[in-house]
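Common to both upcoming complexes is chain A, partnered first by chain B, then by chain C.
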Partner chain A sequence: MSQNIERSIRDLREMDALSSGNSAIHTVSAGAKLLVTVVYILTVVSFDKYRVSGLLFMIFYPAVLFAVSGIPVSTCLYKLRFVLPLALAVGIFNPILDRQPAFSIGSFTVTAGMISMLTLMMKGVFSLMASFLLVATTRIEALCGALRKIHVPSMFVTLLLLTYRYAAVLAEEANVMTQAYSLRAPGQKGIHYSAWGSFLGQLLLRSMDRAEELYSSMLLRGYHGEFYYAQGRKSSASDFLYAVLWCALFVAARCLNLTQILGSAVMR
Partner chain B sequence: MIQFENVSFEYEKGKTVLSGISFSIGEGETVGLIGANGAGKSTVMKLLLGLAGPGAGNAGGSRTEGRILVDGLEVIPRNLAAIRRKLGFVLQNSDNQMFMPTVLEDMLFGLLNYGMSRQEALQRADSVLRELGQENLRDLYNHKISGGEKRMAAVATVLAMDPEVLLMDEPTSALDPYNRRIIIDTIRKLPRTKIITSHDLDMIYDTCSRVILLSGGKVAADGSAEEILRDKELLESNRMELPLRFQR
Partner chain C sequence: MHMADALLSPAVAATMYVASGTAAAISIKRLKEDDDPQKLPTMAVASALVFAGQMINYTIPGTGSSGHMCGGMLLSALLGPEAGFLSMIVVLTIQCLFFADGGLMALGANIWNMAFYGCFVGYYLIWRPIMKSRLFAGRDPHAAQRAKIIFASIIGCIVTLQMGAFSVVLETTLSGITELPFGAFCALMQPIHLAIGLVEGLITAAVLTYVYETRPELVRDVDLSEVASARSSKSLGTIIVTLALAALVVGGVFSHFASSNPDGLEWALFGNEEGGYSSNMGLDEENFGVSSAASQTASDIQEKTSFLPDYSFAGSENPMGTTVSGIAGSVMVAAAALGICLVGRFFRKKKA
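So, the complex of A and B:
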């Protein structure tokens, strides 16, 4: 259990390290990346449930970002290991519910349900990848700054930022307590249910103590309820261009079947 | 610079932590605040910083008597922003102080909160790191540096804000002898008013010219470090011991 918590802490810190990179994608303003990600996800989910070929083109965006940012796809898959199965499971009953034949490959009949299951899976995976790439190429503070720029309430943004920061504090405290427990309960897997109540209570109290100190430290350095990141850096013409080009491409992909057009062009 | 005028404080009714303490600390002085556990050292710091007592609006049913002044300003909520601008506090646990991902980000946090431009803040942070000889820490991740480095980074974080008074809570706790020595040398070199609380009396002797001994929420002694830290009877009657160097 202690190893799991340590791994979670490491994961959190790795995300910080990833977002501190200096690739061309990292240098794009958080606002532009946030806008592109939102438009991307909206475009992806708006595809018709039977338009597999049209949707396939949307992999172009995460593929470009993975290539330019230098973030390995494997890292993404590893970080999303708990949510990806859920995304994949979303359409699992479609083949049973929708058995209308769509086409046949030899003697195998592909049903409409199978196609809609595939598009649902693709939508889930693409959206998760885009969200991951946003967080992995943008500092959480810059992201919060971008949220403030689009007038997301300060309370919500601060809550998001502090939750992100305090998650590690909570995990560290949980780790120390789990280690102390396992040292006095050798051979026992996990924490016995009889200790759950006091364990959680202690964890809460200890985390509160630490959080209070952290908050004091922030107050003593001029924190006044609004992170300075809210001011953020000004978006430049290149950020504007980045957002416009991507959004235009997404709209084009939504309205035209770019996969088919590209395929035809290659075949010619 | 700092005045405690007959200050009494209780966190809740009937539980007195400080009773009628008075002292003043002049500009440029380095004062060691010593005392056994529960003597009231941390409470003095908290009252001064406005984290408890009148500065915090006597929250949680606490009660304060007397006045606390920092550079002529009374520690009350209205003056808190101005007072905190003058004070820099280095926490005992650096992990609780360094909440940003890198040392540099942490140094910038306070400066940007006080409205400094990013460019100016970067220059200030670099200059402080240079002054401390810790330029190598600049871009390191807080969770990847050692305890000693973390303590130096915490000091740098506070010094970047150029406080008039530096408050330090147990600056040498949990440090190995080498890092302890570095911290002591750093404290000695800093040209500021300093208040240091610690049980490490050897460090207090090395860094402070004056010592205030608290006991049971009262000032048991206030005088030169030389005089108080050599007084075996005084220290032992207040649950303390002579610094190790005088025990031989």
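So, the complex of A and C:
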């Protein structure tokens, strides 16, 4: 049970470590990356459910980013293990319900349902990769700074930043508690119902006290309702170019079937 | 219940973003009017707690499985609905960004499904009315308050989870993603979330009664004047055991009911063609049968259509040609993408 928590703590630390890299992608301003990610996901999801080949072109974006930033693909694929089953659960009925044949390879008939399931899975994987890459190449402070710049309320941004920092602290504490509990209750799978309330309740009460201390220490450091975000550097022309080029490519891929064009150019 | 991006069309996702965003804006405005600066760190720690608490497994007595807690009801009972809602948004955002639970585009929908109902509906329509009501009035006031907390938590979690699950079905169906008809999808989602809601309700009740026993001032809408009187007449254990047994009985009955009535799914699987389900799309109970004439003709139609040889993708002029060049292009794109990855790795190794 506590492995579960440990894994989450490790996941958080790993993302923190990845995001503090210094590749070319890491140095692009957070705002530009945020914009490109949103446009990418919107484009991917808006593809028609039967356009596999057009959608496939969109793989270029994650491929280039993985290659340039040096983020291991395996870390991202590992995270997919949560998303794929869910997309599969909803898509699994498509091949059964939509049985109109699309084309056949030899004697095997590929149905429209199979194709729509495939595009559903691809959309899931692509959009997840995009948001993973955003977080893996951008420090949380920079991301929050970008959110502030597009006028997301400061209350929300501060809350996000504080929670992100405290999530690791409390996960650590929950981990210690579950470990202590399981050592005293060998062979038990989870928390016994007699301890449901007191277990989390204890953690809750201690956290509330911690919040008071946290607030006092924030006041002592000059907090007055707004955080300051260090401006690494101003958005430059290259940030602008980065955003414009990617967005143009996405729109082109959405409107024209670039994969098809590529294929027919070769076939000719 | 976290939805992935692929399950939503951009239009539905945008609508849900607007809905959740509006609720968030109103919450922020109200919190600003409250002007309680100390609340922010409390909210941050509370959402971090929900985040940590969701990782802990709770053994469900009598079964091999385990449950998790739901944050919405707990947070709104402790912080109030507006602060609870914002805290839940933050939890969901972090889960989305760092743990790939649900997608970035689906975040608006996820916030609506999991935070809005739990916080606003759960608080204003369930928690506060029950806590202010004269329910259990005949009893010792302390015990009555505790019974109300337990009652409100369980009802709140069940109802808000049902609403959330229903919204997932609605959003996915409106997006046109799944071929599964609306009714069948509902039949899959609702019973399972009834069970989940019960367990989450029990855990939330256990935590809130604990807090009520130790620090009653932290729980919202508790009448503090009645707290001081007679401590704990009935142990928490007995109440939870009673409720857990009740939950098991209810859960057992419902799961039996669900498994002996797989109509929705069967109907979805067999009555799927043109005339088949369009007539009983809206969960019409009378035409719910599998062996109807409509489904018979439907399967006939299906048999015929599946042998139509020259069907191609909608909108393409020359089916064979485009398909072949499409496949060729796809292979090239895949190869190129792989190439980019390999080249990137090669250069990095050199640099290192």
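Rule of thumb we're sticking to: the second predicted complex is superposed on the first by the 251 of 268 C-alpha atoms of A that agree within 3 Å, B and C clash if a C-alpha of one lies under 4 Å from a C-alpha of the other, contacts with A are read in each partner's own complex, and residues count from 1 in each chain.
What we mean here is this: a contact is a pair of C-beta atoms (placed from the backbone, for glycine too) under 8 Å apart; a residue touches a chain by one contact, two chains touch by 3 or more.
Note that the structure is predicted; figures quoted are calculated from it, not measured.
Peer 1: Counting only touches as set out at the top, which of chain B and chain C does A:L35 meet: first, second, both, neither?
Peer 2: Neither partner.
Peer 1: Using the superposition on chain A described above, determine whether A:S264 touches chain B (first), chain C (second), both, or neither.
Peer 2: second
Peer 1: For A:V52, select first, second, both or neither according to whether it touches chain B, chain C, the two together, or no partner.
Peer 2: So A:V52 only meets chain C here.
Peer 1: Give one of first, second, both or neither to describe whether A:A17 is in contact with chain B, with chain C, with both, or with none.
Peer 2: first
Peer 1: Quick one: is A:R221 in contact with chain B, with chain C, with both, or with neither? Answer first, second, both or neither.
Peer 2: In the superposed model, A:R221 contacts chain B only, not chain C.
Peer 1: Using the touch definition from the top, say if A:R210 reaches chain B (first), chain C (second), both or neither.
Peer 2: both
Peer 1: A:G91 contacts which: chain B (first), chain C (second), both, neither?
Peer 2: In the superposed model, A:G91 contacts chain C only, not chain B.
Peer 1: Compare chain B and chain C by how many residues of chain A each one touches, and report the one with more.
Peer 2: Touched residues of chain A are more numerous for C.
Peer 1: After overlaying the two complexes on chain A, where does the chain B footprint on chain A coincide with the chain C footprint?
Peer 2: Dual-contact residues (chain A): 210, 214, 218.
Peer 1: Which positions of chain C touch chain A when the two form their complex?
Peer 2: Those in contact with chain A are residues 2-10, 13, 24-25, 28, 31-32, 37-38, 40-49, 51-53, 55-61, 64, 66, 69, 78, 86-87, 89-91, 93-94, 96-101, 103-105, 172, 176-180, 202-203, 205-211, 214-215, 218, 236-237, 240-241, 244, 268-269, 272, 302, 305-306, 308-309, 311-314, 319-320, 322-330, 332-334, 336-338, 340-341, 343-345, 348.
Peer 1: Would you tell me which residues of chain B are touching chain A in their complex?
Peer 2: Those residues of chain B that touch chain A are 49, 51, 81, 84-85, 87-89, 91, 93, 95-97, 99, 101-102, 109-110, 112-114, 141, 143, 157, 161.
Peer 1: Please give the residue numbers of chain A that touch chain C in the complex, ascending.
Peer 2: So the residues of chain A in touch with chain C come to 1, 4-5, 8, 11-12, 15, 37-38, 41-42, 44-46, 49-53, 56-57, 59-60, 63-64, 66-68, 70, 73, 79-80, 82-83, 86-87, 90-91, 93-94, 96-103, 109, 111, 113, 116, 120-124, 127-128, 130-132, 134-135, 153, 155-156, 158-160, 162-164, 166-167, 169-171, 173-174, 178, 188-194, 196-205, 207-208, 210-212, 214-215, 218, 225, 257-264, 266-267.
Peer 1: Which residues, counting only chain A, touch chain B once they are in their complex?
Peer 2: Those in contact with chain B are residues 13, 16-17, 20, 139, 165, 172, 210, 213-214, 216-224, 228.
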